[in-house]
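The two complexes that follow have chain A in common; it is paired with chain B in the first and with chain C in the second.
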Partner chain A sequence: MSYIYFPGCSLRSTGRGYEESLLEVCRALDLPVDELEDWNCCGATSYMSVDESKAFALSARNLALAEKQAHSSSDIQMMVPCAACYLGLNKAQHYLKEFPDIRARVNKALSSAGLVYSGQARIRHPLDIFTNDVGLDKIAAKMTKPLKGMKIACYYGCQLVRPYADFDDQHNPTTMGKIMTALGAEVIDWPLKTRCCGGSLTGTIEDVGLRLSYVILAEAHKRGCDAIATACPLCQFNLECYQGKMNRRYGLNGTVPVVYFTQLMGMAFGLSEKKLGLKRLFVPLPERGAVAAEGGAHVRG
Partner chain B sequence: MSAVNSSSNGTPKVGVYVCHCGINIAGVIDVKAVVEFAKTLPNVTVAQEYKFMCSDPGQELIGKDLKEGKIDRVVVASCSPLMHEATFRRAMAAGGGNPFLFQMANIREHVSWVNKDKATATQKAKALVAAAVRRVVFHVPLQKTQVPVNSDVLIVGGGISGIHAALTMADAGRKVYLVEREPTIGGHMAKFDKTFPTLDCSACILTPKMSQVRAHPNITLWTYSEVAGVEGYVGNFKAKIRRKPKYVDENLCVGCLECIEACIFKKGKFKDEFNVGLSLRKPIYIPFPQATPLVAVIDPETCAYFRTGKCKQTCAEVCERKAINFDQKEEIKEINVGAIILATGFKTFDAARISRYGYGKYPTVYTSLEVERLVNAAGPTGGEVLLPNGQKPKAVGIVHCVGSRDEKTNRYCSRVCCMYSLKLAHLIHERTGAEVYNFYIDMRTPGKGYEEFYDRLMRENVHFVRGRVAEISDWAMTPDEEGKLVIRAEDTLVGAVRRIPVDMVVLSVGLEAQPDADEVRRMFNISCSSEGWFLERHPKLAPVSTFTDGIFLAGACQGPKDIPDCVAQAGAAAAEALALIDRGHVELEPNTAFVQEDFCSGCKTCVPLCPYSAISFDTSKNKAAVNGALCKGCGTCVAACPSGALQQNLFTDEEIFNEIEGVVKYV
Partner chain C sequence: MDKWHGWDKIRYEAALDPHFGTKIASIPGGDKLLACIQCGTCSGVCPLSPYMDYTPRQIIAMIRAGFKAEVLSSYTTWLCASCYSCTVECPKEIKITDVMYAVKRLAIQEGVYPKRFPMPVLAHEFFRSVQKNGRSTESRLIVRLYLKTNPFKMLKQAMLGWNLWRRGRMGMGVESIKGKDELQRLFVAMDKETRAERRTGQEVRP
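And then the complex of A and B:
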């Protein structure tokens, strides 16, 4: 079985580093991944707030394509890394299951393209797949350069775990932290793991959006983290790209690197900065010296 | 057995009575048409309608026709047999007939209440009447049997409900077995400092009752014990009680505490269950000073002797009365009782399930039960409200509805939390002078003196914020929030999000059914609601009875309740049990299974299937035999019997097939 990979638009634009590092990490973990052929935008939150049934149709087309592409109808596993896509596809699946009239309308639209949605595909986030399918032991076994000495604030954002994720606690998720701990990092405990980063407000009502991003950065900074790890391309963008503005407006004291958790996993696996898209960062990670030499023995024990 | 021929008076004469039930039935069904139709059915000698068949004049119609010899069997087309089957059977007996030559057609719940179309409703009513008429012809006269009732009673659970029920029954002269799982009776009430709304001392009103239980000649108290099994039926239950070893002889121990002093553990090391983990106890302990019985107990999970085999056994050495016995074994007691009262109580909601409230993460977030111990003079801090750092809090937030009124946890209101939150607010404010904030959805204070208590708290300058708390965190946004816990909630009266920094949070946890409620329900053959509370027979008219005769409910095992309601219900359960016992006998319904021996091949298929162990096997005759007193009429054996030798009174093949034919033949 291979995972049907749904990149979503962001991973082909602002979130390039997420895709690059994710695919490298999957390769390192021997996870077979096939990209969904002819995929389209999930509809995201913007379409959902304008026209719900069209948004559902956009998501359902991707789910129907996955059913078509899968080898067996009983085990269709989609890998959906973007938190917004994960929410959008899940929301469509839940609504189509619960409301037969929406499902009939969507299937009518899909039939014009020769597609049928049956609801068989399982929508999985990489955090879920890494934790539950691969397992922390196997992840730790792949480690060559542990993240020793790095203090990481794991940030899940508001869309990933609420309301549909069934692989983690909806208010205090821990899967990312467990992976980071397994790879030798020190994970800081903080209460803003699932607080909204401002989402698209940063582009529409800047004052509100920036303020929301700022409190997250400020708290992570205050708790002494070396980097924030995210699982969402929009969170990464909001938190990283406006740090200059936040410094000027609110007096954010310094900068905080904001990276994808997959980039940190890749670093621990000893993959190159270039392969992991780390050179794309505006706020680079601090130089780490020669931590890597002893190969992670101290973490695995 | 052809029922038609076995009928006492030759050709059966069926009377059909169709009820209007006001407009409940007549508003939808053409009652006249049903009566005219009934007149055309074979064996029907009388068919008439009446506005309310269950009224005295309605019942007298049946009696009069029976006495005049116009009828010998009766069909009443009205409501569900659950409502009035007993009524009409009594009417038949009053008229000199056999009450089992009777059948009800349910044309209200099954027809008029669920149909709008008059024509189809009338047609269905006719079909059900035809079925009943055809069936009742095959009924045979049956008799209820009487069995004597054992006058002893078993009460399960020694909280305030079980205690009150036990004392009531014992005072009435009945022998009571009171079984409690913990080492002492007293339940949750023993942990409280004060009770709302009067603020009277909980121990002062509870402990006299506890000691009465201990001293009462009619009460056998078995603590640290559980019911292991129950058999039998109303009036004649057999119960097995498992008495766990305390490793201390109850008859010898006087509770002098010397063994506890002498234990090789110089200090407490293990979580003290009675103080809900806020203090530490030794492996040998007495839960609290007024524990009843006042007997030490050794916990083998933590005792060095049981864990390692290596221990100087200093506890046994110092005991002058030689009460400590490491070889004590579990005991099974078998008792016979006529009635059982379940008073197994509740557990509090696990606050860690709502991760955003930080219970288990922030040491200054407490559950209400923990704070009950903190404010208790006999508790771990001697009644002082102290944080882990030894300081008194300056600001305290009380979060209502934790695990109540919430789609994600429990939808129901736990009923007691508003009032106990007010009580704790008062006690904390009184003992610390702290600002106390209550975060509530709605204040629910219906009860004698309850609203007045709420009013008093408002005048005591306790703060009330209407809004469910979103989260509790150590995330400070301003300097005055540093080092505090911040409670974030929408104040729905002001229409704004509020952040209130506090030193201490009290989570007012709701009440839940005991985790083993489902096992207990199976053991006693009763039902649970979807939330796990034991189900009463009727929510209004039989609130302490269950669907199993002879088993009654008291207290919070039936649903969240405060102390006054628990005591009232315990009294009611005791009265119901006394009414059953004082009758001296019970009447058993005759709808039992019986074996037609000529057809029984002796295959024994039925024997293990019977859930009530009512079927035995007669090896001399090589036939199965049913004990009518044990049979509940579930029909399992009848369905399973490969040769059709097992039949059930009131559900013979003839009766059932003719009922079905009645539906299909006449409509």
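And then the complex of A and C:
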């Protein structure tokens, strides 16, 4: 069985580094991954605000395509790295299951487009797949360059654990932390793991959005982390790309590298910076040697 | 608020819409809205409530009481970032985030959302792009958003755009799917189904 990979729109632009590192890490773990053929938008937040029925139809098309691609095998596993897509597809599936009238309407609409959805596709996040299908032992066995001395703040954001917490604790998720610990990093304890980064507000109502991102960044900075690990392209973008502005506006006093957890995994597997998309970062990671030598002290300038 | 607009806030029953609450409560699983105990947990956990004109708790009270015009034109729902904190913590299991979505949709349908406020414009442009191409193209979306709300801000953001482009994180091309015809058929059929359900009266939901 191979995982049907659903990239989503963001992983094709601002989140390029997420896709690159995820696919490299899957290759290193011998995890077979096939991209969903002709996938469309998941119908996330902004679309849902305009038309709910069509948002469910959009997700249902993706699910139907996944079933087709799996040749109607009963074990259909989708790998969805973007937190918004993960929730978008998951929410549609929950609603199609719970509300027969929506299911009937969506199924009718799908059939006029020549598609069938039976409800078998399982929507999984890479964090879920890595911890539960691959296992921490196998991940640790692939490690060639431990993240020794690196202090990591694991940031999960909203939509991975809310409203559905399918693979982790809703209030105190730990899957990412377990992976990071297995790879030799030091995981810092902090209370803002699942606090909202502001979503699209940073681009629209900057005064409000920036402050939400700033709160998270400042807390991680205060606790002396070397990097924040994220699992969502919008969280990564918000926390990383507006740091200059946050410095000017709120006096953040320094920079904090914000990376995808898959990039850190790839580093521990000894993969090159280029392959992992690390060169796409605005705030580069501190030099590995320096971090290890200082035992995790902060190489921030 | 620099000036007290108290007189504008007083509403007599005749000015309220008695069906507004039940209409919003008709969303899937929305009937729990009517069980709200006004405990304020939603406003407490909401990371955005300090910036809202009405807190989530107030919005729910206003929906139930029929303050349709005030609710639909408020900034509250457009500030909701869909973090689902309220939905998860609500002791009466009200899907508050979904209530916010329902209010947004109704505000768009009735054209009463705050004009030139960037969030509804973003939603509309995102919708338009997916409707046409099946996917969203982030670079185009941002450009259209600023053109329609604040063209001057686009100049201020040019540096961010350049930095993203330089790192290969923002392209110029338009993202699009192959099965556009199939998608159009799906949309047309879905609209037809939704209209049919509305006509039979089973469904009046936004």
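A few notes on this one:
Note that the second predicted complex is superposed on the first by the 287 of 301 C-alpha atoms of A that agree within 3 Å, B and C clash if a C-alpha of one lies under 4 Å from a C-alpha of the other, contacts with A are read in each partner's own complex, and residues count from 1 in each chain.
By our rule, contacts are C-beta pairs under 8 Å (C-beta built on N, C-alpha and C of every residue); 3 or more make two chains touch, one makes a residue touch a chain.
Since we're looking at a predicted model, the values are computed, not measured.
In the superposition on chain A, contact of A:E219 is made with chain B only, not with chain C. Contacts of A:H125 after superposition on the shared chain: neither chain B nor chain C is touched. By the touch criterion defined above, A:E98 lies against chain C but remains apart from chain B after alignment on the C-alpha atoms of chain A. Of the two partner chains, chain C is the only one that A:G198 touches; chain B does not reach it. Taking chain B and chain C in turn and counting the residues of chain A each one touches, the greater count comes from C. In the overlay built on the shared chain, the residue A:K178 is in contact with neither chain B nor chain C. In the overlay built on the shared chain, the residue A:D169 is in contact with chain B alone; chain C does not reach it. According to the touch criterion, the shared surface of chain A, contacted by chain B in one complex and chain C in the other, consists of residues 170. Residues 9-10, 12-17, 38-41, 43, 45-54, 57-58, 61, 95, 98-99, 101-102, 105-106, 108-110, 112-115, 158-159, 162-163, 170, 195-196, 198-201, 203-205, 208, 212, 241, 279-282 of chain A touch chain C in their complex. Interface residues of chain C facing chain A in the complex, by the touch rule stated above, are 27-29, 47-48, 51, 79, 81-85, 87-88, 95, 97, 101-102, 104-105, 108, 118-120, 122-124, 126-127, 130, 134-139, 142, 145, 149, 160, 163-164, 167-171, 175, 177-179, 182-183, 185-194, 197, 202-203. Within the complex formed with chain A, the chain B residues making contact are 354-356, 358, 361, 471, 473-475, 477. Looking at the complex, you find that chain A touches chain B at residues 169-172, 189-192, 215, 219.
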